[in-house]
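Each chain gets a letter, A, B, C and D, in the order it is written, and its residues are counted from 1.
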Amino acid sequence: MRTGLVGTPIDIAAIAADVASPANGALSLFVGTVRDTNDGRPVDGIEYNAYAPMAERELAEIAREAAAQFGTTHIVIEHRTGYLALGEASVAIAVAHPRRANAMDATRWIIEALKQRVPIWKLEHYTDGTRQWVEHGRGQGAGRPGVVRGAEGRGSSDREVTDA
Amino acid sequence: MQLDVLLFASYADAAGATSVRVSVSDDARVSEVVQAVRTAAPAVHLPARPLVAVNHRYAGADVRVTPSDEVALIPPVAGG
Amino acid sequence: MRTGLVGTPIDIAAIAADVASPANGALSLFVGTVRDTNDGRPVDGIEYNAYAPMAERELAEIAREAAAQFGTTHIVIEHRTGYLALGEASVAIAVAHPRRANAMDATRWIIEALKQRVPIWKLEHYTDGTRQWVEHGRGQGAGRPGVVRGAEGRGSSDREVTDA
Amino acid sequence: MQLDVLLFASYADAAGATSVRVSVSDDARVSEVVQAVRTAAPAVHLPARPLVAVNHRYAGADVRVTPSDEVALIPPVAGG
């Protein structure tokens, strides 16, 4: 297992190689990337801010929980910080497992947990020069800030207003 | 005791600072710290029950804090 | 969309780059790799055989169906043929979508459909020098040959005896 | 008419050939072709209802075939 914040571009092939092993037949990856629009507003890029020591701790804890729940330690989670241009990867998750269902379930569980728990925020930069802090699962100006949503996101089909 | 409560993202922008110093009782719980931040930094529009972390873990309103604890107010997270 | 059989090693980063676009915030990948054991027998490698024109047609059809069902044309499916050593990628699927749930659902739907419909067979080479044609979802010597399993594999947690 | 039915994987190994030539009636359906393969290549242990492809598509037992069709017997697939 390897988890952490990174300040430089995420290398998908390297992450896949890190979890791969001949004991596993299935490798599942999820990559979140910066979208060019949010709620119809053209986006220039996104600045990712983290409460670093806590974010690192939560990422590691999520990997430990996933390992226990899905039965594999072949897990990598990387989250980028700093300013990202359109299309750049903000997060990458890789899980290898002997069984494909477990690899895919674990990947999904991890991204949902990450979005619920890891103290990272994003400041969207719009093409009109304005900026706004994004809150997941909320339309702009709507919503109930500060409430952590249900602990289990697995299988949900929640609409994302931002990147994924 | 005095505590420097860490602020992030929209909270930090609203406060114009990345932390706010508050005075609370020596056996203060998280709820008292939150109330003190509301008074000390009224520009930060905290929700009814803001998320709080003590020493890098989410902590409930009843958790007690000590002067050596790192206390942070956590805006709604938006990673991924 | 791009689908097909390939005779050379699968390049995961290239496939990810092919589906990526700033319009999509979510990129899901699945990679199947050659496992070192099957039913407890040590495996040396696997020879993948395809009924090539039909396999190409089915792969393209699966991508079309996934595009209609999940609402994205950012889909790549590659399946390797020939002899593969342990750990090598036999199949890679990449789907990009504005919404992560759709990207992951589509990826899973595609691998299940592929395993049910695409005329590809694998001859396992064991370390003891023997070889055997593998049939998915069956223990060795067991099973009902020739029966295509239920049309919808989504959400199932079927145990794979071979690679994923 | 005569048809060369394609064989793959375990079927081809059992037959010792990648196709088998069969004679069937001019308006033969897939089911008749399968029966003819059972007779022509008894070493291939076909299941009760083997998968058949006509012109690279799975075809049911009632589908009619013509001399120009490419007919193939599909062993249980194992891709992925």
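A few notes on this one:
We adopt the following convention: a residue touches a chain if its C-beta (ideal position, glycine included) is under 8 Å from a C-beta of that chain, and two chains touch if they have at least 3 such contacts.
The model shown is predicted, which means the values in this text are computed figures rather than measured ones.
For the pair subunit A and subunit B, the distance between mean C-alpha positions equals 25 Å.
Rounded to a whole number, the gap between the C-alpha centres of subunit B and subunit C is 49 angstrom.
Among the residues of subunit B, those in touch with two or more other chains are 80. Counting partners per residue, subunit C has 32, 100, 111, 162-164 as the residues that reach two or more other chains.
Taken chain by chain, the contacts run in an open path, each chain touching the next and the two ends left apart. Chains that are in contact with each other form these pairs: A-B, A-C, C-D.
Put simply, subunit B touches subunit A in their complex at residues 6, 8-10, 13, 46-51, 53, 56-58, 72, 74-80. Interface residues of subunit C, counted against subunit D in their complex, comprise 32, 48-51, 53-55, 57, 79, 90-91, 111, 114-123, 133-136, 138, 143-148, 162-164. Note for the complex: subunit C touches subunit A at residues 11-13, 16, 20-37, 86-87, 89, 98-105, 107-108, 111, 156-160, 162-164.
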